[in-house]
Structures are given as C-alpha cells and as structure tokens.
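Beneath this line is the structure, given in structure tokens, with notes to follow.
In this document, chain identifiers A, B, C, D and E correspond to the written order of the chains, with residue numbering beginning at 1 in each.
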Amino acid sequence: MDFEPKILGIACNWCTYTGADLAGTTRLQYPQNVRVVRVMCSSRINPSFIFRALQLGADGVLVGGCHPGDCHYNTGNLYARRRLATTKKILEFAGIEPGRFRVEWISASEGNRFAEVVEEFTTQVKNLGPQTKLKIQE
Amino acid sequence: MSRIGVFVCHCGLNIAKTVRVSELAEFAATLPDVVVARDYKFMCSTPGQEMIQRDIKEYKLDRVIVTACSPLMHEKTFRKVIENAGLNQYLLTIVNIREQLSWVTHDIEEGTAKAKALLNGAVYRARLLAPLTSRVIDVNPDVLVVGGGIAGIQAALELANTGTKVYLVEKNSTIGGHMAQFDKTFPTLDCSACILTPKMDAVLQHKNIQMLTYSEVTEVKGYVGNFDITIKQKARYVDHNKCNACLACTEKCPGKGVSEWDEGLVKRKAIYIPFPQAVPQKPVIDRESCTYFIKGKCKLCQKVCEQKAIDFEQQETFSTVKVGAVIVATGYDLMDTKPLVQYGYGQYPGVYHSLEVERLFNSAGPTGGKVTLRDGKEPQSIALLHCIGSRDKNYCEHCSRVCCMYSLKFAHLFKEKTSADVYQFYIDMRAAGKGYEEFYNRLIEEDVKFIRGKGARVTDSEEEPGRLIVEAEDTLTSKFLRVPVDMVVLCPAIVPRADSKDLARLFNLSTDKQGFFMERHPKLAPLATMTEGVFIAGVCQSPKDIPDTVAQAYGAAAEALTIVVKDKMELDATTAMVNPASCCGCQNCVRVCPYSAPSFNVDKRVSEINEALCKGCGLCASVCPTSAIIARHFTNEQVLAEMEGLMEF
Amino acid sequence: MTDFKKIEENLKKEAKRLLESGEVTVVLAYGKGFDEKHPMPFAAKSVADVDNIVFNEYCNYNMARYLVRYPQGTKIAIAVKAADSRAVIQLIQEEKIKKENLVLLGIPVIGMKNPKTDEVIDSKTTCGMHNPVLYDVLLGEEVHGQKIVSPYDVLAEYEAMDKDARWQFWKDQFDKCIRCYACRKACPMCYCDPCFIDQNKPKWADKAPQSPGNIMYHLTRFHHLAGRCIDCGECSRACPVDIPLYLFHKKVAKECEEMFNQVSGMSIEDKPVLVNFRVEDSDKILE
Amino acid sequence: MLKKTAIEKISQLAAVLMEKGTLLAPVKEVAGHNFAEINDPQKVDLNFYNTIISPKGAFFPPKEDFIKYKIGKTITEAEQIKVDSKPVFLFGVRPCDVKSFSIMDIHFNAAGIIDPYWSQRRKATTIFGYAYDLNQPVDAADFYNSLGIYAADPEGSDIFMVKKDKDLLLKGITPKGEELLAQLNTLVDAGKDDEKYYEETLKKGKEYKTRFLCIDQDVIAKKLEAVFNNNDFWTKVSSACLSCGACTFVCPNCYCFDICDDTIFGKGTRRRVWDACMFTDFTLEASGHNPRTQVYQRLRQKINHKYSYHVKKYGVISCVGCGRCTRSCPVNIDIYSIVEEALKL
Amino acid sequence: MSQAVTPYLEMSQAIMDAGGEALKKCYQCGTCSGTCPWTPITHFNIRKLVRYGQLGLDGIEDFMWGCSTCKFCVDRCPRGVELIDVVMAIRNVYSGGGMLPQSLRAFVGSMSARGNPWSGDQGSRNDWTKEKYPLFSEDKEYLFWTCCTVCYDPRNVKLAKAAAEVLNQTGISWGLPTTDVNCCGESLKKVGDLELFERLKNNNLNFFTSSGVSKIITVSPHCLASFKKDYGQDYEVLHLSKLIDKKIKEGKLIPKKDFGGAKVTYHDPCYLGRHSGVYDAPRDVLKSIPGLEFVEMKRSREQSMCCGGGGGGLWMEKLKGERLSDLRIEEALSTGASILATSCPYCITMFEDSIRTLNADDKISVKDVTELVLESLEISIDEPVVDACSV
C-alpha cells in the first residue's frame, strides 16, 4: 500500500487559512494529507509545537503565514521567519530530514499557491517515508 | 469532563458529496465526552440552528462543535446561536470540512477519513476551551474617508448627512478624482461635470465634512472604534485661509509644468488650480516647475497677491484625527502601456490612452472639447484597441470591466465630433449592465466597425507617412487586416494606485494578486476588510463603473455608520494575558509586541498586558519561554491538544 | 602562560578595595573547595571573606549565573573570564541586570582545565576566547598571539555526518539524560523560573527520563538559547553523564550568526536575535 | 566457600550469569562507570573506583511504570504492570553502596510500607559486593568511614568479591550466595593463599581510611537541629549551589519520587519518576504556594533530612559517605564540609 | 453534401495528451494570428489551428505545417498558451497517422537512418575538419557542438571552419564531438516525431555522459535551445556569439581588419533571440569590428522577423511569395546594408536561397557573425594558416 503521510499544517488566519479557503471556493484539487490548525498569526507558532507535532507522529509540518510585509499584525511573520528558521536548523542538526518542515508565505489571494504547496510538500514528505525518529512509540 | 455536542452539516451536497456525513456523526458519537452527534442538511438554516439550541438545553451541552464550512464563513453565526442558547460564544468550535476538504477532493474515502481526523482534533481542543468575556470599548463617532473621488465624495456626503463628522483626505489639490476628468458618462451620455460638481461643492459647503486636500495618511494607530490617524498636509506654499481665489497669481506665473490633470497633453502654470471647477478653488505651487524654487528668484505671484497668501516658507504639517471607522476609496491608475512595444505608445504620436482621450472630449480640456491629434489635425480614421494589458497573463489577468463601455462612449463621441471612421478591435464585447446592451446596439447602428480580433500591432504606414497601421486578424473571417488610421486609442488595464501597497500596510489590508484591496468576503462582506472598522469602496477594490462605485460608497457609508452610531462596542475577547506566577521577567513580550500591549512591572518583576491594546496575534505567547502568557482561545494547551487530536487517526 | 597566583592576588586586592570602600556589597568570585582541585563559586560579602578567594586553573565557573539571584540594584563586582563577560553582556541586553550596578573584574586567561579530565578547556568545548569582552578592571595581562581557532571547527565532523547517523548520535546522547537539570541550572542564560519543562499547563513533555521528554527538553532548550548562548561550556561540564551539549549550542550559535549576522554577548547595544527582526532578512534562511 | 576466576575471564562469568537471569554490572561510559543491564558479557568492566550513579536503580529505577490505561468513552481501562521476577545479579557493588540498600529498605521494605516493586526486586536479586581496591588511593570525596563502613566490608552482600592481583576472589556470604556460587562452573576453587589474602583484605580494609566526620550520629542530628534557624550559615554554604538535581540523582539513599501520568491519544501510563528536593517545584503546592522558594532552604532540607530527621525517625543517617554527591556537584559543594562546618558552630 | 460537422473530442484529447494541454486556455482573441508573420502571406492561421484542435475538427492537416516555431505568438499570447507545444502535439498526432508531407519524408528518413537531416554519412560528420581540430576529451573545458548543417552543408562548412579558427584564437580548451553523435533533433521534435527525437537525444546524452561533458558551445541556436530546454540536463550551454562577445570584451580577441565603412545589418535568429533571449552579444560583436557601419532593420530584437527555416521549414518547399526569407532580404536591402549578418546556419541557408532567387547577389551577402569576426582577425580559412614566424 502506498504510504500516505500525515502532515500537520499550521496556518495563520488572515493569509494562509483564507488562501486555503479560496483554494476550496475555486474547487482546486489537492492531496488531503495536510490537517490544518488555525492560529491567528504565524508568529503564534511556538517552536515546541513543531517538535511536538513530530513527536505526535506527523510525517511533516507545514507552516503558512502572510508574505513578509503583509502581516496582519505588521511584523509577526518577520519574527516567525527568524524563529522558525532556527527551529529548522535545530531539527536538521538533530538529524531530522529538513524536508519534513516547511514554511511558506501564502496570501489570502493565493489559493492556487496553497494547493501547489500542499501538493509539492505532500510528494516531498511521501518520498521521505514515515517519520519515525521523533515519533513517540507507544 | 465536558459535554460536547457535534453537529455535522451536509451543506446540501457541497459536503455530503465527498464526506459521508452520517458516518462522521456516528464516529463523533464514539469519542469520549461527546454526548450527542447529529448530521443535518443545512446547519446554518433556522431548523439547523434550532436543533443546536434544543440540544444544548436537552443534553446540557457545555461545548458545541459545528462541522461545516470555514469559520471565516459562519463562525459568527454559530457563536450567536449558542450564545442565544445560554452558552458562552467562545465554547464553539468550527471544523472546516467544506472549503478545506469536501471542495478540494473528489474521493469520498479520503474525504471521510480526513473529516474524522479534523473532528477529533476539534474534540480535543473543545475540551480545553474556556468561556471568555468580550471587552466593551468606547467608540469615537467620527469617520475618515481616504480618497476624494466619486466614491469618497459620495460616502462622505452620506455620512455627513446623518450628522456624522467626516474627515475627507485627498492627495491631489482638488477633490473629484478621475470622474472629474471625464466629459460624458456611459451609457446615458449625461455630462460628468453636471453630476459631479454639485457634489464636490456640497462637500465644500457641508458643516460636517472637514476636507483635507493635498494631504496623505502617514500613520494609523489604534483599532476599530478608536483609530488615531496621522495626516500629512503637503506644503501648498499658498495660505488657503488668506487666499480669496482671485487667481491673479496663476495668470502672472511664468513657470511651466506638465498638467497632470490633462494627462500631460498640455502645460500648466507652476501655481495653478488643476481645472476651473476644482474644489477648493485655491491654487498650490508646484516646486518642480516654480521659477523661484528652481532659480531662487521670481516671486511674481507674491507680488500680485493682494491677500498676501503666498508663503514660500510653508512646510508640510502633520495632524492627528481620532475616528471610529475608516472608508478607503483611493481609486485606480491606468497601466503604463509603454512596455507593450507592439502598440507604439510613446513612440507614435497618434497613439493615445483612454484618459488622454477623455480629456480631448472635455470642453474644459486641452483642446476645448475638439478632437484633434497632437498636430492639430482632425483624425479621419480611428482605431480603439480593447484589452491592452487586461485579460493578459503577461500583465493583468483581470478584465478591467469598463473598457468595452467607455470605448463605445468614445466611438459615439468620435462620431459626434468628427467625421472619422471608427474601428473597435475587441475580443469579447462585455455590455452587462442596465442599458448597456442597448447602448451597444445604438453604436452598431452608428456604423462603428466592430472587429473581433485583438489588435496585434501598431506600426507606421510606409505608404502614407504619418498614418498608422493597425494589424490584427479578423477572427470571424480569418483575414489578416491592416487598417490605416490616424489615431489609435489604447484601453489599458485598470490597476491599483502605485502607492496602494503602502496604504494596505498602513491599514493592514490584504491585497489580491493584482494589488486591489481585498474584501473580507465577496458576498457576505464585500465592503468590509480583514481590519475591523476599515471599509473599501470603488475601484480600489476592483475595476467597476460609476454606478457600481456610487452604490458601494453608499454601502460603505452604511457599514461605517453601524460602528460609529453606537457609543460602545464589543471587541473580541481573544487577547493575551500574563500568569504572573510563571513570568520570569525576561521581557521578550515587551520587546516584540507591535502594539506595545505588554509592559514590564518593575516592582513585581513581571510583565503585564494592556488588553485594550492587544490584538490577539499570540506572538508574545510564543516568545514567552515560561509559557506564562496565555493567548486566550489559542492557548498552548488548546493548540497542543488540537494537534494531538489531528494526528491520532 | 597565565600567572594564576598573580590574578588571585589582584582579585583579592580588588575585592578588598571594593568591599572596603562600599562600592559593592558582593564580590562574585571563586573560593576554596574541599581541596585545591575543587574550588567553588564564592560570594564574598565582607572583607573577611576575601581570604577565602582563590584563583587557579580549575576556577571555570561562569559567575554570571549568580547575578540574577540578587535583588535589583545590588551593587555587585563579578570576576569574568572571556565567555563570562559575554554572559554579562547578554544579560544586560536582556535587561536582567544593569551595567551601572556592576563592576566587572576581567580575567584574561589561557589554560583553564576541566577537573574531571584535566584537559585544557579551549575552543573545542567553549568559545575559546581568552580576554574578557567587557570589563572595568583587568586583573592580568591580556592574552595575545594565540592561534585563532574558530569555535565552530569542532562541528565539522558532526556536520559531515549522515543525518541518520547524526540522529542516532544525538538520540544516544539524550537517552543518557537523567533529567537532573544541572545543565540549565549551570547556564547563566537559563534564568527562567519556572522552566517550561517543569510546567503542567501546558505539559510540554513527560517528566520521566526517557527519550521523548528528554528530546523535547533539550531541543526546546536549544531554541530558547538560540542567539543567546555565549558558549561558556558550563552546561556540558555540569552534566553528570557528559552529554556534549556544547556541540549543539555551538551549531545553533553558528547558524544564528550566519542567518542574522550577530554574535551573542558581544555588544550591550544588540538586541537578542530571536526577539528581533530585520525587514531585509532573507527567506533563504527558511530553506 | 571461596572461589576464584581470572579477571580477564570475567566475561565468562558474566555469560553464565546472563543465562541464569538479568545481570547488572558496571560498564564503562564516556564519563566513567555506571551499572547497566548487560547484553554483551565483554562489556562488564571491573576496572573502576565507583560508579557515577549509585546502584539504587536496580531496585528503584529512575522511571517505574505502574499502570497502563486507556481512556474510553464510558470507562477507563487500566492494567497494572507487574515486576519481572526473573533472577537479577547485581555485580560489583562497593560496600558503602551495599549498606545503602538496607537503609533504603526502611522506606520501601519495612513493615507497613512494603513497596512491591522494591521488595520483589530485592528478593530476586543476588548482590555481588566488591571490596575497594586497597592498592588504589582513596578518593578525596569519600567519607564512608564516618558512617561505620569500611572498604572491604562484606556485610549485606550475598557474595563478596575481592580483587587479588589478576584474580577475583568470590566468597559466599549468605546461603543464597553460597548456593549460587556452587552453580557457577566457570569459577575454580580458591587456594590456601587466596583464603589468606581474602581474610587479610577484610582486615586491612579497616585501615583504608577515608575522611572522618564524627561517629556519633545523635551529635550531628542535634547540632543540625540547633543551627536550623541560622540563616546566615545556610545562606553562606548554599551560595554556590545551583539547585540542580545532580547530587540527589547520583545518591544511593535519596528516594524521593514523583508520580505522573503520560497520556497520548487517550492511552497512557502512570509512573513513578525520581524527584529531587533541590528542584524549585519539589514543594510547589497546588495552590501556588511554595514553602521552600530559596536555595538555602532546599539545601538545608536536604542535609537535615539525611543527617537529622532520618536519625530521629529511623535511628540511622541516610547517607553512606560514598562521595558521589561531591564528585557530581557542578560547583563542588561538599556535603561533608557543610556538616563539618555546622559541627564547628 | 452536408456542411455540418461534429466536434471530435477524442482527437482533441489526443492532442492534449501529446503535450498540447495548453489548447484549453485559448480564448481565440487572435493575438497570435495577428502577430504571426505567416498570416499576411499564407493561408496558415495559428489561431484557427488551435480552434480546430480544440474541437478536433478535420482539415487541420491542410495547414498544420505552416508554423516555423518563431515563438512570436507565444511571447504575445495573453493567455499564456504554449502554442509551439500545441503545434508539436498536433503534428505528432497527425503525422503518427501517416500525414507527413512529401518534402519532410526525406528529412525524417535521413534522421532515422543516418542521424542527420542532410543524408550525410554519419561517419563523415567530421570530414570537414580535415583532422585539423581536436576531438573532445575530459581534459578539455568546452565541447564545441557542430550542428549537422555546418558539418554537411557546403555553404555552412565555411562557418564550421570559421568557428573552429575563432575558437582557437580565444585561448579556451575545446574539442569536437566524435562521429558517434547525431543531430540534436530540435527540428525533428518540432515536426512532431517525438519518439525519434527521444532516440537521438539519448544517443547524444550517452556521449555527453561517457565523455564527461559539462560545458557546450553551439554554433546553431537550434542546438542551443534544444540542449537547454529539451534535454532536461543541467549543462552549461553557450552560443558561440556570446563566447566571442565575452572574449572581445576581455581583450582576448581583437578584430583588426577595417571593413572600410561597409554597412551591415543583423537578423535575429528566432532561436537565439526570442527562444534564448540573446540579442546584444552578436550586435556588440558587430559593433566592435572596425569600419563596419551597423544599421537596424525595422523589425528587430524581440520583434524580429522569422526566416521561415524553423519548425522543419528548412526542408519544406514553399511557393514564391510565401517565403519569409524573401521578405526579410527585401527588408535588409531597404536599409542599404551590403552585409546581412546573422548567427544561425538555418537563417544562412534560407537567405542564401532567397538572395539567389531574388537575384540580389551583387547587392547583399549573408555572413555569420563568426565569419565576419574571423575575417576581421585577418585569418583565412581558404588556405592553410601560415605560421606567423615563418613569414
């Protein structure tokens, strides 16, 4: 059977979540591996959310925020960029495939971009196979 | 232990087509703490809402999960529903299985499986939700309107007539906007000035409107009900309090600048009013073309001014206004067509863009309303090229919507004012509007040649120097046409104002792919934006004609009124708070907050958050190393629990 | 070679002067332990205490760790070696302490030793700097002419590892952790009380010394210290089971330096990188 | 019965023990030696002074799972986790550590307080005591003599081992030990000079001197009680303390624990984990109140508990002087010195 | 007979499956056909081709060979339709059904049997060198990829030699491919024989891989575009004109000979210009040659006219009056230039033909930019090069 990865998406309310809705209203089709948590801003994302998601068995984590400069809260995503970049480096040095974690800026008007990113990322994670390193073994 | 009710919506077949809704409800019923789970055709309908309310009472529910469309769609609706049933509105969780699931898959297996995971996440999260109390704030009763075109004017007048104080900011030295440049309006061909100038005058006279021309918004602080807006008054070098509008200065002035108002077709003085009916009727000095500012001497205007109104030392000034709501109506620019070299704009003098032509028709324009070419001759043959940059993936993908109709208007005016042959090169004629198709029919009868084929190239004629050749395929006959003309009119794409990005940033507006301001929802909230209390009207939202613009202006005025008419309003309760017992005093929150909501209490060595300033982004909560900051409704526990639920299945 | 005796004398002299004059009420330095090889962190609060002050090659402690224990406004003199002074700078950046309340007694030194292994402490396990970055009084001759070795050189071997091997390496290391939290307690930058890992709401990880909780604790701690760790190596020396935490901290520091072009604890004007941003930060850092 | 084996053949002995049950023995790690469950007999390494962490984990592991549960819609299913009753061989325990087991028995295995996990493991375990190598210097941190323990003290061991040059001598102390020894066919019978060497070592062990505090535990207990309120003293001796848990986690006699539930996806485990009185949240109450917020309060508690309260309550100091806390302390705090200081007051 | 037709959607689907997916996007505005250089002179209509394709209508085969893949329409298309892909797909579908025109049969046959379009013997690919120039080996930096046309066509062999001599002057290390290689296949792909193209491509890739090629210089823009876009590999491919331009600017090549005020104009080959975005390099080279007066034709650069040789056009018969090259020569003549410079062997071939049929031999000559450079370096390829020392 084909491996269908479980991917956790964390999307900011104003841009990426709205963009994801737009993908729906325009009836774009994309893989259903990403399960989205809505937060108000990408800056809400605590790095430990990412670690925890992987521990919970997520094969990949996709974070979506507004384009830099377009943050609903002015500068939230600029902080998020630094904090999440650092998170990514930490995961990488711990030996976790960097391809399992991705941050994308997707605006409210970029429904197609959302679908595209989900498609791409799903394929990428699929190719990496199941994430077993951090996953808590019951 | 919670008592959770789960309500799964079919949304007709929208959801039910790709999610087995009854199976989803059955699944929900197996989850711990779920005491009732149902599915229903339209949960947002009255029977659906009543079902939820009935169950809240019957099963003593303390959490409600609605599994339906996006929370951006109906979260507010369902919050009201549960609140009316006596439950705190924040105990609602929406699971989005329409926009982000049923509409984006065809596979019912996949759809049902993912819906279960999403629902499970919601159950995990719902258990940890806490009732929250909305904040009540005072509302400032005044409104700011940005942009003094027809949309801004109409909105300002409507508001002012209700007794609301309005600040109308316009960056040019006169209000009126693009509409004031036109001669006639389609399809009725009534005179643009006859409609507009009385309104402009009404703005000037209205005691409730404070007009701020030659001004720009430079800073926006605060939030709905309480905006603090800084406005820059650019230096006019003319004291408008003293000036009596005799305009003697403009006659004497030796300076020559390019008339922006006439789209660069003619020169104007350095001290000028853009056009005779300008409001206010008072001149400004353009530094760039003023002899005094260029050479250091002249001051002729000062000499002739009896009122001593000329002030070369004038500086730009900044003032702050407090308002409860804002209407943004900043209009549009035309796309620059020079990069489309095949059409020869800027290369051949016979090629015009549509706004230039508007000025040619206008009796107050550079030719006094006569249609003449740049060399003064009357054109014998004219081609109108539609969709220049519009409907074009290489430039603007959108349809600019008004070009078909104004091209018809142009054709009529050309026919009226000249004896020229008129060709329309079009892809599709779009005449959807009241009286528009009739107008199209009228023009066909006026013997305008309609060529179905986009103009491919404009070149100069080798046979008749000075004439132009329009090349295109007439797709109806598959013939390659070479049409010799004297004048080519391009209908360029309508694009957002060059500085619209800056404005979007100031007001926190989202923009669409082209840069037009995004409405919160195209149908449910077409004039509202993602920023509470900021509304949009007119072409800054998307290209539209004058009737639609005016209608939007009325609508935006009504929207703004709904806010400022009350003296108090409720704000979202989803703000952040500090648990002082866990605060380590690192002050990260203080450092990062864009709204200065957190501050450090030096005595207690802990941070505190001013909830009136907090907008609930949650940044402080994520930079707090000790998790002392609780981002209400998005707490760490809630997010972690939701993640756990999402990953279980 | 550093003249340890001379520095000890100067340290005592300065401590005496500062306490006598009342300029400070506490001198954070090093004191006698149960034997010579085991000196202790020491807070001299009176002239009489000064006799107990020592300085030798085993006085590794980063005394900045103790600064936040004293009430705001306490006048403190603190002995700082190179990395220790960076910790002080970082704490000033974070507004935990104020420069005006401090007298920094700078100790330029080369040849400090780890008492457990008797190995010289150098750029392999610390930032490898010899001279304090910030001081008010210098207690010895500045060290110059040493070969400059990047504190990140030691990473090459680990960076070159295959990701699966690196994962195995770290997993084995973190599995050893007994959750005694000596690392965070020895760290001058870990002043949080309570630490995120001790919390029940939210419970970020389990409390038991086993893989998932250990990994969550350490990875999150690395993130909390990103751009703040000043590479003094205290965490690794404190660890009773010898987890080479310094390697991970170094790696994060290196990445932060490359991404944000700022080195921690070098200037009191800086702002910690992770609570700061530049509009021109590149999206490349996310790749 | 005295048996012997060449130390270089120790892995053969290990292999035999592994066949009979679980073998816990010192293995070399980067930082030093520690007891570990042996999977590879070659790993057993007797070339150590003492382990970093005490062998208490053999009976009281850092994490002990009690119950596995599953939260259901109507009921939560739970299942108790049983201790494996397979024989265990705890190999190479120093006399002071052997002594610690009997002190720990007070808390886990005395009348009225029988901890099934501790007591079952104790029952299943055969302890191979191991005399310190008298030819090596005493570690400066040790002070077990003060607690009446000597370097070659077979008390409490089932089998006691003494190193003789390149050989290891093994003596059955208890019937359980004797019985086991008889079964270990890789061992050979010791000769007369071995017997003599063994006896002499036990005697010489008394001369192998550690630091010495005071033999009268009541004196110590009373003194500590008397200085309890001397905050200056406690502040001073704790001024370096980081308040980490290293000392308690390596200690053979610290027995404090926490009980926590770890749940994921509705399934979870209730378990006991080591806790430390040096942690800030050790005494944090549900109300948010914390009676011991200061470092000095916590260090005072720790010392008083071992040297004062424990004496009054159980008649014995809860310390065997193994020196581990001193060796593991990141800032070289020496519990011996603090008690010594207190006695001087 | 009924004039009614029924849409044949299976055919439309087949075209989309063959790579003409973009078909769907077209809204028939006529920009392509209004832009296409063929529309004014032939019955070929690219918009109609797309329309026929959308509905799968019969009759498409009558005019589907008209396109010379000049890419003008693609650049202008407001819908972003990759019209060349559509043309290729349609040709693929229909020629698969045996609808190849007579004139292209020889072309495809030669490609299939000999690996080149000129019916030349594969083994004699390098005969023009007279073994004077080195073969590529791994120690060489550049592979000089000779187009089949310059290897076999007598007019263009001159270009091959000129190129080799100029390369020798640049000081770079280079070598020729062995005779194992075959045509790059660009035109074949445009003609729609995608299967044979794959074979040719893979054979060339084998050579590149086995001999360790990483940098390639091409003399033909068609090979350039093919390697860059169709080969799916990351080779550094460079058109000769860019290299020459670079070397002149570095001072490694110094044009000496003065042309005494001769007027030259430049024709942008579609595959160098619109397909590859190279406009300035050949112009800069021309401007660096002493005594050449450079004039532009009216249609130049992005708006340049096509010679008609692309997309298989080189091998197809065209009636007089339906040849773009004729129009182009007339345009060149109208500038008063005596030299028409270009950078493509196909253009050279097309223009030489037109000059002959227009009897313009005495007014204008066609030269590759490389040939002019060589002439200006005062090196002759007609006689053996004399060692400077022995003079």
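What we mean here is this: a residue touches a chain if its C-beta (ideal position, glycine included) is under 8 Å from a C-beta of that chain, and two chains touch if they have at least 3 such contacts.
The structure presented is a predicted model; accordingly, all values stated were derived computationally and were not measured.
Enquirer: Give me the step distance from chain D to chain E, shortest route via touching chains only.
Expert: Minimum step count, chain D to chain E: 2.
Enquirer: Of the other chains, whose C-alpha centre is the longest way from the centre of chain C?
Expert: Max centre-to-centre separation from chain C belongs to E.
Enquirer: Measuring centre to centre, with centres taken as mean CA positions, what chain is farthest from chain D?
Expert: Taking each chain's C-alpha mean as its centre, the farthest from chain D is E.
Enquirer: State which chain is most central when centres are taken as means of Cα atoms.
Expert: It is chain A that sits nearest the middle.
Enquirer: Decide which interface, A-B or B-C, involves more C-beta pairs in contact, and give its chain pair.
Expert: Top pair by contacting C-beta pairs is A-B.
Enquirer: From the mean C-alpha coordinate of chain C to that of chain E, what's the distance rounded to whole Å?
Expert: Chain C and chain E have C-alpha centres separated by 67 Å.
Enquirer: Approximately how many whole Å separate the CA-defined centres of chain A and chain B?
Expert: One centre to the other, that is 29 Å.
Enquirer: How far is the middle of chain B from the middle of chain D, if each middle is the mean of its Cα atoms, in Å?
Expert: 73
Enquirer: From the C-alpha centre of chain C to that of chain D, how far is it in Å?
Expert: 32
Enquirer: Can you pull out the residues of chain E that are in contact with at least two other chains?
Expert: Where chain E is concerned, no single residue meets two or more other chains.
Enquirer: Listing for chain B: what residues touch at least two other chains?
Expert: 592, 623, 636, 640, 644, 647
Enquirer: Note the residues in chain A that touch 2 or more other chains, in rising order.
Expert: If we look for residues of chain A contacting two or more partner chains, we find 47, 52, 56, 69, 75, 79, 83, 136.
Enquirer: Which residues of chain E touch chain B in their complex?
Expert: 27-31, 33-35, 39-40, 45, 47-48, 76-80, 302-303
Enquirer: What does chain D use to touch chain B in their complex?
Expert: Those residues of chain D that touch chain B are 71-73, 264-266, 288.
Enquirer: Which bits of chain B are touching chain E when the two form their complex?
Expert: On the chain B side, the touching residues are 341-342, 387, 391-395, 427-428, 452-457, 471-475, 478, 480, 482.
Enquirer: Show me the residue ranges of chain D that touch chain C in the complex, using the header's touch definition.
Expert: So the residues of chain D in touch with chain C come to 29-31, 52-53, 62-63, 140-141, 239-240, 242-246, 248-250, 258, 260, 262, 271, 273-274, 276, 279-281, 295, 326, 328, 330-334, 336-337.
Enquirer: Considering the complex alone, what residue numbers of chain A touch chain B?
Expert: 6, 8, 13-15, 17-18, 20-25, 27-30, 32, 35-41, 43-47, 49, 52-53, 56-58, 69-70, 72-76, 79, 83, 107-110, 115
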